[in-house]
Structures are given as C-alpha cells and as structure tokens.
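Chain nomenclature is as follows: A, B, C and D, assigned in order of appearance, with residue numbering initiated at 1 for each chain independently.
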C-alpha cells in the first residue's frame, strides 16, 4: 500500500507567530501525525500550497488536478482548508481510477484539542477501503463528492439533502 | 449513519493508579475521542468487558459474537487489546451482513503520544466504507480478518505472507 | 496560603476562531492549568481585561494598580501579554507589602506545545517564596521588575545588562 | 543562574511497556519539559537512579546527599517518587549553603493530563527565590522540609499540623 499525501494549507496547518500576534499557515503537521499513528505503509508527503482555502485559485485547483493525473499513485489524502474543500473536490471529479480523500480540521493540529489527528486517521481508513472517486472526510463521516456542504454557522460538514444542480450537469 | 462502539479493555483503556503504582484497564476514552473528532453521526458506546486481551476467554468471545448477531446495528467499531485481537476477529468471522472493525492502541489513549485517536478515526473511516466482514485497523492499515498477525517483537501488525492453515479450514 | 490570579489577556489566553480564521483573546485557561497542577491552596481568578498587551492603556494599568492596592490579598499572579509586561510591572512598582509576579506565554496555552503551564507553575512557586515586590517570571527565570526586557528578535526575556535610565529616576 | 536537576525515578518518569503490559520507570522527561518551558538559564540533568521511591534505600539517600555536598552547584531540583519524598528531604536537611527543591508528580509526565510540567515549573520558580534549605514543591505549594506529609488516601501533600518529633531533634 502506498498513499500520497498532498498538503495545501488551511486551518489544519496553522501556527501562531507571536511576533505578529497572528495565526498563519505553517509547516504541515502530517508527518508527526503519521508517526503518532505508527503507520507502517509506504507514503510520501507533497506540500502543494500553504494557503487559507479562501485564497486557493482556479489555477491552483487545476495544478492540483494535473499533479494527481500525472502521478503514478492510486491513493491520495489531501489536506485542505474547510471553506472551499467541496469546491476543490468538484474539480477533481473527472479524474478516473484514483481514490482521493480530502480532509482538514476545524481546529489547528497544533492545538491540545483538535480534530486533525482523528481526521487524518479517518481519511487513511477511507482511502484504502473505497472505490476510486473523490470523497470528503470530516466530522466522522466520509461523504462522496457532491453530496456535502460546509454549514458555516454550525461549523460542520453536512450531507446535501437534495442536489438538483448536480443532476442537471 | 449509526455506529455501535463496543469496548473490551486493552492498552487503549489503560489508566494509572498511583496508589498501587500500577497501570490498569479503566474507563474507555472513546467518548472523549469522538468529541475531539467532532463527529456528527449517531452512535452508542457499549462497555462489554474491561480486560487485558490475554484475559479474554472463549466465553467472552462468544458473548461478544452473540451481542453483535442480536444487535440491529450494521456497523461496529470494537476496541480491543492488541495481543488477541486477531483471535477475537476470527470468532466474529461467521457473522453475516455486518461490518466489524477491531482496533486498539499500542500506547494508552491517556498518553500525550498515543495511536488511539488516529486508530479510532481510521476504524470509523473504514467501517463506513467497507463491505460487510471483519477487519483489523492498526498501524495505518485496514487488514481483512485472517490476513494479519501481531509481530510482538516489533510491536506492530503485519500482513500474513501466506496463510495455508486458513485455506485448509 | 491564598493567591489572587488576575488575567489581562495576551498570547496565553488566545483561542482560534475558524469563522474568521483569526486568533483572538478568549477565556483564560488558568483554571484548567490549576486543576492540572492539582493545587490545594485557596485562590480566586479575576478577569481584568482580555487584550493584546499592545492595546493595554495607561488607564488600564492604573486600574490594575488600584485593584491590587485595594485588595486584601498579599500574593498575586498576573497573566499578561509579553510585549508590554515590563511596562505594566513598572507601574506596579510603588505598591508596598504585596508580592506580584507577572507571567504569560510565548505560545497560547491551548497549544499542544506551550510554555503556559510551566510558566504558571513557576509564577506560583515564586510568589510564595519571594519578598514583597514586582517580578516577571518568563523563560524559566524570575526577574525583579526593572531588570528585564523582552528581546523581540529572539522572542525571549533577558536580564538588562545596565539600566542607567532607572538609576536616574 | 545555574540549576542542577537530579532525577531519581518515581511516577513522573513512568513509561508504559506494552510487551509486559506494565508501567515502569523510564527516561526522565525533564529535558522535554525544560524545552517546552523555553528556559534560558544554564542547567544540567543528572540521572541518579530510576526507581519507584519505595525502593530507594538508605544507601541511595546517602549517595544523593554525598553527590550534592560535593557538587559546586548551589541550586538543585530533584525529581522523586512521592511516597518517600519527605524521607529523602529529611536526609538532605544537614546540607548547608544550598537550595534543594524536591518535586515529582501524581500522574506520569507522559500523560495528556499530568501535574509534572506544572510541578517542574513551580520547583524552578521556588529554587531561585528561596533561601538555602530543603523544600518540597507539590500540589501548588512549596513546603519547608519537615512540615509536610503525603496524605496517601487523598493522594496529595499537606502541611503537618504539629510536628513534635522534629522539635525534639
């Protein structure tokens, strides 16, 4: 088993810079999380961007898609900011023969209390168990791409009740 | 989605009792882990035993099997000590129409550094993604029952290279 | 033994608000830290302000000074942002008969890796051991007020080598 | 400022060995705690024993005393199991001109929830603030040697109400 991890920034990667009293996207904590999970499979981590997901552009998404299409790996876990995770997932929809799971966290991985470790574990459990396709793993659930939205008021991901726009596409 | 969690003890549940300078099986940390993972699915936690897995008897395993067979739930995450996890998985093999994922941890969940949170996340990602059957989720991998052993010297789970005894059964 | 804790904000109190992808001053973590330290002395926590220390005004400092002067307590631990901690300490200099220790942290208390717990412990150890006066406890050291500055480039507190401005006052 | 840290084992140092499902004294976590506290003073850590404090012998205590007497350092933080911490403190009583603070923890330092970081911070705050002598820093309080006992039922350190045996010595 081989998993390619692609990091793009988002809350999961945020660190605190005292000098500016600000919270910015920093190094991905994913290697530490994999060490803590004592994983024994082969993997590689690629840092694609370090951005708040609201700053990820259409060009960025196409670059991500191109990278995955041209990569020999079959299983991908992509860490991503939560605000536009569903949008990026939609762009990856047309990729065939690969299983891609997007995840992230609502609290930074560097916090004492964070959903980051749980979510990375969940994404890894899902990516090796699912058929090819694009999925979002958040809030304990693995959603198929297109059937999930972020409820910003409640700060959680939810299943879309009806999705007529997709049926018409 | 509904997941039934069944706890049976093992390292994942261990606490430290200073009075005896000993480490014993205590309350399951699973509810805290699910809260940290901000899960939004329905679930219930059943504490079946609180035992080191070396102390789990054949009767215990039959009781666990009976409980699952008679339960209306379809998805189960079972936390278990690592030493006999594979043995318990084998007993559950004959159950039909349910997805059962066993997991645990090599370091207690109450430790700063533990694989417990990661493993529970992985088991949850797997249980909702897999076909019915019995699986073991440890060391970042989801193994089908019968194809995995604990390498005690290395303190990790590994795929069985060949398994002739099983073919003959 | 009775200790009055006064919180004023600063990095130690910072929380992360995903909605704004920002890091703001939140509830003080001091009660959690005292519980973790299993303290058995009597204490009380007063939240005076919730500010970045660069936003603390001269009026705020006078209000803090007035509060301490009129308080029956003799031992104070004051949590404070690091940037103007020394300035606030200087304002408290003229208070007689009370031991006041200012501390804070360079990383938020809610981080996995933080100096907050250590620093609160250090301040508590110092406040009950020292003669009346104003002190700053940071980076493992208890400095007398007036003999310490924050080296912003290195992000740590250091002893002032010479302090002629003070001798002239 | 220079502080000599001497580790002797006890709960603070305990690690978990899955192979035996046991909890044993391991490497001292003190260097990690000092890094987390971002200390900037000079220090050195000496591992004297790795024992449950009930196993520390009179010879061990004399060896510890001899080490401190012959050491050029003036400030010592000694980590120690809690059960016989007061007994060891009594043996060190006759050392002159040095400040010695004993501390430890009621939960192992490797636990998510532990008093170890707080206690090490407290001991460091105390050792640089106190007159020469022997002290015990536990449960948020710095006790002079001879005026403190461990209340085993409550699992905490308390001030001795009266101590006639000491007055007669």
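Note that in this section a contact is a pair of C-beta atoms (placed from the backbone, for glycine too) under 8 Å apart; a residue touches a chain by one contact, two chains touch by 3 or more.
Predicted model, so just to flag it, every value in this text is computed and none were measured.
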Original post:
Same or different: at the chain A/chain B interface, is the fraction of residue numbers used by both copies above or below half?
Top reply: same
**OP:** Return the chain whose centre of C-alpha atoms lies at maximal distance from the corresponding centre of chain C.
**Re:** B
Original post:
Distance from the CA centroid of chain B to that of chain C, rounded to the nearest Å?
Top reply: 46
**OP:** Between chain A and chain B, tell me the centre distance in angstrom, where each centre is the average of that chain's C-alpha atoms.
**Re:** 26
Subject >> For chain B paired with chain D, centre-to-centre distance based on mean C-alpha positions, whole Å >> reply: 39
Original post:
Residue numbers in chain C touching 2 or more other chains?
Top reply: 106, 113
**OP:** Sort out which chains touch which and give me every pair.
**Re:** A-B, A-C, B-D, C-D
**OP:** Give every residue of chain B touching chain D within the complex, in rising order.
**Re:** 11, 14, 16, 18-19, 21-23, 52, 54, 82, 106-108, 110-113, 152, 155
Original post:
Can you list the residues on chain D that touch chain C in the complex?
Top reply: 1, 33-34, 36-41, 106, 113-115, 117-126, 128-130, 137, 139-142, 156-158
